[in-house]
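Presented sequentially are two complexes of chain A, the first with chain B as partner and the second with chain C.
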Partner chain A sequence: MKAKVVLFSLLALAAVSGAAAKSIELLNVSYDPTRELYVDYNKAFATYWKAKTGDDVTVKQSHGGSGKQARGVIDGLPADVVTLALAADVDALYDVAKLIPQDWQKRLPQNSTPYTSTIVFLVRKGNPLGLKDWDDLVKPGVSIITPNPKTSGGARWNYLAAWAYAKHKQGSDEAAKAFVASLYKNVPVLDSGARGATTTFVQRGIGDVLLAWENEAFLALKEFGSDKFEIVVPSLSILAEPPVSIVDKVVKKKGTEAVAKAYLEYLYSAEGQDIAGRNFYRPRDPAAAAKYAGVFPRLELVTIDAEFGGWAKAQKTHFADGGVFDQIYSK
Partner chain B sequence: MRLSSRRTLASVLFALVIISAFVPRLPAADDDLKQLRDQIRSLEQKLLVLERKQEIKDEDAATAAKAAPKIAITDKGFTLASADSANSIKLRGLVQFDNRLFFGDNGIVNNSFLLRRARLITEGTFAKNYSFQLVPEFGGGSATAASAFTILDANLGVTVNKALQFKFGKFKSPVGLELLQSDSWTFFDERSLVTNLVPNRDIGAQASGDLFNGTVNYTAGVFNGIADAATSTNADFDNEKDVVGRIFATPFKNDAGSFLQGLSFGVSASLGREKGASGRAAGYKTDGQQTFFSYAATTIADGQNWRVSPQFDYRNGSFGAIGEYVLSTVNVRPSATGKKAELQNKAWQLAAGYVLTGEDSSFAGVVPKTNFDFANGTWGAFEVVARYANLKIDDAAFPLYASAASNADEATSYGIGLNWYLSKAVAFKFDYYQTNFGFAPGAPAVSTNAVLRQDEQSLITRFQVSF
Partner chain C sequence: MSSKVKRRNVLPGFGLSLGFTLIYLSLIVLIPLSAAFIKTAGMSWADFVTAVSSPRVLASYRLSFGVSLIAALINAFFGLILAWVLVRYTFPGRRVVDALVDLPFALPTAVAGIALTAIYSKNGWAGQWLEPLWARGIHQLTVLVPAVDWENWLGGKLAFDRPGIFLALTFVGLPFVVRTLQPVLADLEPELEEAAATLGANRWQTMTRVILPELMPALITGFALAFARALGEYGSVVFIAGNMPQHSEITPLLIITKLEQYDYRGATAIAVVMLVASFVLLLLINLLQKWSRRYYRI
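Then we have the complex of A and B:
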């Protein structure tokens, strides 16, 4: 009799726990080139979360220029998490709308940047103009495709990589400014995001060189063929560290804080890191980094902190209204 | 040999000339070709850049349009909505300017211009599923007793889905079919005698929704409870509540082309208890809005009050018809300690209309194919309407609860009219009514109420703006 009661209780418990399985929906607001990464990752996380909690989680994705996406979240886009191109765009969620705490970057390892990337050149097969380094880009007649730094995180990394190269080579900010101004004179069209710029270069056939996220360049080779394009690695570039954060005010309101946190934490797991590597992002985890070491070329990488004093300063100096970019591009 | 030498020399010279002519020209041709190719490539790039810039501009414009708030100014009102339409505010209005003329009534002072209704209606939604409505009434509403400004409707709605919606606040009690129709779109400018026996606007909470693919609509609610034809004064006058329900089917709604597609029918009912003078009707009115029956001033409601109303609506092309019957039962006393009686008052009506200009007849109003525009020779839409209605007071009401001398116990009205829709928003209505009165046994040969000494003949003309 006792055994029957226990069995019945267990069955009832199982039924109740089954009935209590939740269906959760998250919104990941990200920047342009991460579409493929998060399609892969969301599937893996859903499987992981189901196994761990029994709950079904569906992650919706929103992509666009990083700055634009941050603006969207500030204006009410109910993002549970943001996975943007640069820290300045995430900072804006605190600065403008207090959607996250000021110290958001301390909540996850490596300043909340689970993977990195850099900026490389994508040129047409055979490199018809023989472009090898940043100097070649400012020559007359070279047509450069890069998005608008006002709206695109990738474009800001492009800009800063060029600036860092010129400053290293010529020794002053003034020279770097002149160099970057020359570079932008060779830019015929500014897309709002990195994916749009890739479309301009790859699909519309415009320009001689695309300044691209490394992962975006690899993806272009994978999708459109290495018989059409090739990657040129400059002598110096910048270490791009795309950060991630939960959006505290949204997750608290929606009751999705725990799953949103877990979603970002899982990016640091072995599986998350492997997915990053598979999608041409440089993993942070040493094991995954070693696994994909052969994929990524070695080059000198400067950091935003060392070279520009951090994102807050770089943003204010170069990309704020009336900043250096406005000065050189309006000329 | 000499000749041969000469010929050889000549050949060499000729060859040199030829070579000299061609050798400098070959690189030049290559350069031209290269320049041309470069120019073509450059032009092609410029063209591609221009095309891409336009593409980006279009994409930005499309994105901006999606994110931009929407503004709509139409003959249905002025709407401001968020880009996703989840939040909106709509401004509507209704102004009805009437002229009432009465014939053969021996000089009763009742001919009048009248501002029948003047409403500025504000409606809106928040977060898609939450709505509100606020309807202040600035119009006099009555030729004989101009009422002050009132809040006619003030309610909040919550939409769960099509099958379940909630409404809280002050709004029309869902009993009378013609009463539930918008004031702007009834066949006649005044509702029929039947509307005397149903509650008007009350305060309460109701659930409603569409079921079975929209073929059945239900409504169920709890209200403070009000007397026949009364509108809540925004507070209850007793501790009792009324339960009100209505079910209305349009079974052939989805049968395109069926003769019965526009047939709707159903039944509504209310049940409650009322107590006090406010619990009994203030009075029943004719089509000309003159009172033909009222309880004695000392009569009070005390007990159960229930109503039942079978009703139908039918539309088929330009033809439309509406019909309803109401049985209203009240328990009254002649005074606080007087003898209690249960009275049953009954009314019914049948009204029909036909749009002469071919537009569809509709419960939600006639939309002219063309607006009236004298310069362009377009005239809007014309509709002819006719109605028969009857209201019978319970004979037991006389003489204890109402005076037989100053009240009719029955009113029968005939109405004909012409509606001219100048546009969806603007209309003229010309309605002629004749109301005949019957009297309870024991009533004097000549009523003490001047209105009842002859049949009522009235012509009510209305100019209406409704958006």
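Then we have the complex of A and C:
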């Protein structure tokens, strides 16, 4: 009898304290190079959320190729939020499975992209071939490592950056196509993802230059030592915007909408922006951007909206079956 | 009186076991595979034809079937020798060698791919010697027979080119041939060879008239298994193939490429073509095996 009373009071206590401090679990489905960023950020957000609401929030992370991750969510991976490499992959959540509204990218400031990055060159120490800009890459004998844009989100940014450079320099789409074609002539291996390409370049020692996300290039320097590689920044590149979104259908079902929204909004806060800068992503916030101005070299950055009319159009023109990329390789 | 006598099987329970077989086969094989067909059924015929017959896809069929065939043939030849040595001779370390044969079964294929790439790439410890040799060989061939674009056909490099695909497929296919041949070889008594010798057969005749006919059905089965395994292989090949469009892209990679573009139907369409083609080929090989069994009966 006594034991029963104790048990009941314990249960009641648990119920009360449960109501006071909930323990929430979120799943953030992201792409490969954000691993370190979100490890930092999740800690910061948990502290912030605890102070604000008293609830404990644990964020689980899932990383992989951006397209593969989006397919996982489409096929039922219960992601509360997605933080992917490019808008096209988030668009697919609407196009294929209607998990989010069509205008998802308008819900958060700056195209739902709290941090940006760009495409730079990673070369071997001392830059033996003296590669300075995109023009140098198409010279005969230069070997370029970049993944297949049809399978890798990062590689699509690489391709579009090269295209934008040629278009700005020479003016016409035909010239840009010829330029990109000659660039891909110098590519000996098309890995299926960005991490695979980094391995080919860093571990296998294949190629003279790796086209890489700026944050990946910084990470490679940090990990493998700046005595082996160096970063070369071209005169012009593309503003890579890896966007974020809540997954409406999932958060409504799980009842995590408020916290998932707060999780993404906090990325825009001073602390969130600082964490992004610390992890080699370019912060949007002017104050944070000023703080990390010394880290990120200045260069001309073009946007996909201004240059290519948005992802949907770029995707269709360049990377769909029979698109420009296929034409480059058809004999 | 009545000629209607119920034919009885010697073994009871035929109906039950057949039912069980069909259900099991359906659950494990047919239902998952039919999903591919159902998904494809949503396409119009024109879309289907476009999806499965674009130049890039056609090139990948040629490559996948071609290299798988060559790899399986090489495996059939060397696998026979390996099995022969393992069964017929005792030598120190035989058990270890025997166990090694199974490694390609157990190793995750991605690991195999990364390992092969590390060894055969131009700064790998075998690749740094072999790649220049290979390149010189290709050059010699081009000098001898300039009409053929050897570098395009055979690949100018070892890793990150067609030879890499061949290496990976040979690696994954080997155990199938060895393991199918071993029990048959073990059953093949050496007395048969002795009898052939006493009847005046020379070694070549013993080999071609006595041993090979006995082994032929198992050899064909092993070859078919190795071939089928090579056709479906993805994990190890993508690391070593270089994946250049219309040159070193295997069909499974194109299926993944379609999936990456959220083109589920396009992906399953190619998968259906692969399935049907593989099924027809395996059926043909099975018929060949049956025929060989009859033909070679002593």
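The rule we apply is simple: the second predicted complex is superposed on the first by the 309 of 331 C-alpha atoms of A that agree within 3 Å, B and C clash if a C-alpha of one lies under 4 Å from a C-alpha of the other, contacts with A are read in each partner's own complex, and residues count from 1 in each chain.
By our rule, contacts are C-beta pairs under 8 Å (C-beta built on N, C-alpha and C of every residue); 3 or more make two chains touch, one makes a residue touch a chain.
All values derive from a computational prediction rather than experimental measurement.
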Room on chain A for both chain B and chain C (clash or fit): clash
First, second, both or neither for A:Lys150, with chain B first and chain C second: second
First, second, both or neither for A:Gly196, with chain B first and chain C second: both
Touching partner for A:Pro188 - first (chain B), second (chain C), both, neither: both
Touched partner set for A:Asp326, first chain B, second chain C, both or neither: second
Which of chain B and chain C A:His63 touches, first, second, both or neither: neither
First (chain B), second (chain C), both or neither touched by A:Ala92: second
First, second, both or neither for A:Lys167, with chain B first and chain C second: neither
Larger contact residue set on chain A - chain B or chain C: C
Contacts of A:Arg204 with chain B and chain C, given as first, second, both or neither: both
Colliding stretch - chain C into chain B, listed as 40-48, 58-66 or 112-120: 112-120
Footprint overlap on chain A, comparing chain B with chain C: 188-192, 196, 204-206
Footprint of chain A on chain B - complex, ascending: 45, 48-49, 51-53, 56, 59-60
Complex contact set, residues of chain A against chain B: 143, 188-192, 196, 200, 204-207
Touching residues on chain A, where the partner in the complex is chain C: 65, 67-68, 70-71, 74, 92, 95-96, 148, 150-151, 188-192, 196, 203-206, 319-322, 326, 329-331
Footprint of chain A on chain C - complex, ascending: 54-56, 117-118, 121-124, 157, 159-160, 238-239, 242-246, 253, 256-257, 259-263, 266
